[in-house]
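Look at the two complexes coming up: chain A is in both, with chain B in one and chain C in the other.
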Partner chain A sequence: MAKARARTTGLRLRLYIAGQAPNSVRAVANVRAICDEHFASGHELEIVDLFKHPERGLADSIIVTPTLLKLAPLPAQRVIGSLSDTTQLLMALSAK
Partner chain B sequence: MKTRTPANVTKFATGIQGFDEITNGGLPRGRTTLVMGGAGCGKTVFALQSLVNAAHIAKEASVFVAFEESTQQIIANAATFGWDLPALVKKKLFFLDARLSPDVVKAGEFDLAGLLSLLQAKATELHAKRIVFDGIDVLLGLLDDPVAERREIYRLRDWLAQTGLTATITQKVGSNEADQRYSFLQFMVDCVVVLRHQVVEGSAFRNLRVMKYRGSDFAGDEFPVSVTAEGMQLTNRGPRELTYEVSDQRVSSGLPRLDHMLNGGYHRGSNVLISGAPGTAKSTLSGLFAAAACKRGDRTLYVSFDEGAAQIVRNLRSVNIQLAPHLKSGLLRMYSTRTRGPNVEDQFGALRDKVREHRPECLIIDPLSALSTKLSHLASADAAQQFLDFLKGEGITVVNTSLMEGLSTDEATATGISTIADTWIHLSYIVQDGERNRALTIVKSRGTGHSNQVRELTLSNDGVSLTDVFIAQGKVLMGVARWEWEQEETAAAKRTKVALELKRLQLQLAQAEAAARLQVVHTEMEARSAEIALLADATGTASRLLKTDRAVLRKMRHADAEILAGSRRVERPGTPITSGRGAS
Partner chain C sequence: MTAAEDRHTRELQRRLAEAEATIEALLSGQIDAVVDSTSKTPVLLAKAQDALREERDRAQRYLDTPDVLLLALDTDCRITLVNRYACAVLGWEASELMGRDWIDTCLPAGIRQELRSKFHLLLSGGLPLGENAVLTRSGEERLIEWRNTVLRDDGGRVIGTFSSGADISERGRAKAALQVADERMQFALEAAHVGIWDMDYTTGVLRWSDTMAAQYGFQAGTFPGTFAAFRDRIHLEDRAPFLKALENAIKTGSDFSVLNRATWPDGTVRRLSGTGRIFLGSNGEPVRGIGISQDVTERHTLEAQYLQAQKMDAVGRLAGGVAHDFNNLLTAILGYCELLLVDLQPTDPRQADIIQIQNAGTMAAGLTRQLLAFSRQQIIQPTLLDLNVIVADMRPMIERLIGADVAVVVNLRPNLGAVTADRGQVEQIIMNLAVNARDAMPKGGTLTINTANVDLDGDYTSTHFAANAGSYVALTVSDTGTGMTAEVQARLFEPFFSTKAVGRGTGLGLATVHGIVVANGGTVGVYSEVGKGTSLKVYFRRDAAAIPTEVQAPPYLPHAGVGTVLVVDDSTGLRELTRRFLQRQGYEVFVAASAEEALLTFEDNPGIDVLLTDVVMPGATGPELTRQLMKRHTTLKVIYMSGYTEDAISHHGIIDPDTAFLHKPFSSEALGRKMQELLGG
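What follows is the complex of A and B.
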């Protein structure tokens, strides 16, 4: 899984996907694009495929895929969907 | 309800009494069942109970996915049932809290693929055979797009088919029949169970109906459902063969005179209905039966509505019926409850639980008609019948009382109790001469000869007794009128007795006179006989004298030849004269 690290903004994301499901594939592309565009200076993105690591989904109570967790900075946020709604996504990620 | 189940549909029992019967074995194994209904119908209980049963009976593990309630809530709600969920959760039952927090941000389309892979991993780990999706409507509501909804449901269906899990999906539907939003769910699954909650005249009823069951027969009627401490159960009113064990044994009613009227008492295992107006001593007769049962050593359960156990014990003590010792010994259990309960079915369900707990041989329900407003509704009359039926099956002798003003058969038939009652005793008031007295009649008694006479029931500090009533001038006499009548009767009897004695003496006298007269006649007869004999004697002597005289005369005439012969003859009179009486 691709991981991009940066410490300047401290943005930590975890994206849960379900293999090659269309929504999941779209979400991966969308989150990457957003991060590159708006948080290029520094972010951390972890992508977890539930097909491979289902137990991790349990730990984070994942119900639907894709689910994006904003772990830091607080407050934590949870975004579901293919992340094609950029406005909603940006609002969630910059929520303070 | 014939068993004509194709071999390819195997079933697993839900442990919900009645449901397994109407579906010939339970839910289809390896298939999906949809349970739909409004809020508070018991969908979650239905789904959960089948999993608990699987864990307890088949020792099989299950997964429960809760979209609407938290795991803690479900476990807390189920704590009223004796399922011991916390213990099961550790080993056999996995709960997944699948609620989406309300502050989740939705940014695009999503699906269930991740959830399903996660569930598959868990199911494999536990070797789970069953899965429940509780509140699928909540999840579908999130998708908020008919196309997406359908797509995810098909995803779910394919996943279930692939895993081979036996699934139950519950779905909340509005009471509005037009609420067909997720109707495609019904077409997708193999079995559809509809739960319904309705309020009739202020009383709540739950019903269950199997709407569809692919590849299996089922009873498609709506069945009343009750939820009690043991979980959900159906009071099955499907056609069932009546195969009770019947007993010839008699048990005492507690009132010797009544036993006598019934030719020996109630039949063991029979159902006795005591009906009557308020205050006609229905409870007293029930109490008598309870006390007699305990004295025999029968385990007894006394169920009362709207009257506390302590009060009943006190009231019965006033007519010398002692229940307290039996309560202390544990032979007698009393259970008092309010008429206004959550649900008639639940009330009978609770009674069933009490019966299973105490295992009584005799049961008193005082009064069964406490539920009368509810009994006016067909479904609850049904519930009552089902309950009495159940008791009969258990061989329990039941005495139930019913508040009834007149002896109106309409009233009794409406409740349907009269038909199931084997013995029906009616108590009434007869008001006359400014008095109100209690009368007891046996309306019917199956399989026992019984008196057709009305008896007066009297209560006193010493106890209860039955007395004959008198019928005079076409009126039944009771109370003081009866007492007066009795006094009068006694006096009349005395008068008659004296008169008879007098008559006897007179006749004796007449007889003596006749006998005396007879003696006189007899004596007279003898006198006459003597006279006759005397007369005859006299006649004989006279004729002999005549012959002698003739001979003397011949001699005087000198007739030679005749003299010789005559001399011989003369010698003859020498024979004794006494013998001459016979010749006379």
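What follows is the complex of A and C.
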């Protein structure tokens, strides 16, 4: 893991979803698409299904799904919803 | 503001922004779950639930696809999923089936063991397709065709199988029925020696049944399946008309029938009768052609033989008719010669001329007799015969018949036994054998005729099934000709079997010989060697009676006639001649031209002693006239005279030996003898 992170540009994301619920499915597709297009050289995306791991949501104070967390680089950002607004999402991910 | 206050303010702003974003996302429907604050677990929002339900319904609809059985099994072969259609087919509720062993619950006992071992293969992904019977709750069996796949978990471990199946019981039954019908059809066609062809015009592949291939001279399995290969076997002369008929059928998409010959590589030619149907596509091009073919060679040959037989029959009838009229003329010619010779002085120079006329007439009578023998319309009158006399009599005719390059040797056994047969038929037998012998010696040779007394014992008769032990007179006709193979010998006596060129032989010669001999209780033996010659041995039953010799015949005394005779004949010349013969011999003679006239004459002269009548006449026949007169004149004596008969005397053409009969042409002496026999001198 350490080696893999070293190779990335430092973008680390965590997406909380609720199983196969439609907005969750859409959010996964949207975040993958934008990462492949704009952060192809290196990124780390973790997808957490709250139905399977509800305890993980507590740690990050998740209230709704889908919720995307930008963990690194700081500042941390949080984007709520299906991540369909590419511009807003790109701004959040690029914020420094 | 302190740094702490500042951090606190920024945190509040962030939370507010986050709350706004959350609300906005909620309002725009982008949120599908909210974490419940008490249970700390996510709860799906109604909309998300609807969507999920929809998703599940769609999956269920898929599961409930009509006409498809869906079945999932775990690695222990327990049912983990079964759809509604599968339940309907099997007759179980889904809830009853879940968790039960598939093989023990739903398969017929007979295949459980086999299927259990197959299931392991299935788990390794080795059986993508399969077909087996399932057992319904009511005990009925259905045939299912399966498509199988392996189920794996996220880690790729096999957790079971998933199969979709189609109920093909009906298809299976239909297939079985079709197969039975197909086999039956195949058998019928094979048994009837009907060949089948099937042309796929889209690929150019021509398929033939083995029978069809055999008809065109191909060993089974060697027909290359091309139209060209077929066309090359069509007889050259028939190729163009065949192709034209086919082309026409292709143009119109209609049925066609053809008669054509096939030429085999070894030169064999067969006659074939074919029928076909062409199917056209939507663009008018031929798509498929199917048809049948029959070998009609034998039928064609039989037809030809039948025609030949008909022709021979017609020739025979014509010959018989001509011979009848001819006999009347010859009787007159010979009769008047006889009268002239009696009247002329022995020193008269004209006597020699008349004898020449008489000789020519006698030869013509012999020819007529041959014609009648050929047409088999001669009257059959079995008498005691000496074969030696007949052979000797026929020898000059045989020598003339067979030509100069064949020598004739006759060995006649002295003291030969007598046989009972019709002289005409015996002559016909000898003639047929002699002609065959001649035809077997196209380059000349020797024809030998032997006669012998033969006693056939059990040894001979046991190897010649047609013969009975006993005493026979054998007549052997041998040649030094080409001989016969065993195959030809086997078919020798078959009617219409002939090795002679078309139009030369009737194929009836030896068949006739055989028929006559067997009907007389005799038999025919054959001995032949290819390249050396043939011997045909005819065995006639030997008759113990002695042949009355010429000396024993009562001496003929002319001018001894006493009595009254009525001569009935429609031929004026013959009637007059007979009258003059009889008057010279001293008889009182009346004449009549028909049966009606004869009846009138009898009314006026009831004392007539003898009726001498022709057999075949216009109006009532001779036998009919006899029957009428015999009613009133029971003592009347009758003599028939005829050149031939058309069953007028008896249905079998055989005259009762007691019936007095005069063969036309007859001489004055023959007539006188007959009269003396009848009136007792």
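We adopt the following convention: the second predicted complex is superposed on the first by the 89 of 96 C-alpha atoms of A that agree within 3 Å, B and C clash if a C-alpha of one lies under 4 Å from a C-alpha of the other, contacts with A are read in each partner's own complex, and residues count from 1 in each chain.
The working rule: a contact is a pair of C-beta atoms (placed from the backbone, for glycine too) under 8 Å apart; a residue touches a chain by one contact, two chains touch by 3 or more.
Everything numeric in this text was worked out from a predicted model, so none of it was measured.
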Which partner does A:P54 contact after superposing on A: first (chain B), second (chain C), both, neither? both
Kindly classify A:A92 by the partners it touches after superposition: chain B alone (first), chain C alone (second), both, or neither? first
Between chain B (first) and chain C (second), which, if any, makes contact with A:N30: first, second, both or neither? first
May I ask you to name which of chain B and chain C touches more residues of chain A? B
Can you give me the overlap between the chain B contact set and the chain C contact set on chain A? 18-19, 21, 23-24, 50-51, 54-55, 57-58, 62-66, 78-82, 84
Chain A-facing residues of chain C, complex: 18, 21-22, 24-26, 28-35, 40-42, 44, 48, 51-52, 55
List of chain B residues in touch with chain A within their complex: 96-101, 103-115, 117-118, 120-122, 139, 142
Parts of chain A lying in touch with chain B, wherever the complex brings them together: 16-19, 21, 23-24, 26-27, 30, 50-51, 54-55, 57-58, 61-68, 77-86, 88-89, 91-92
For chain A, which residues are in contact with chain C within the complex? 18-24, 50-51, 54-55, 57-58, 62-66, 78-82, 84
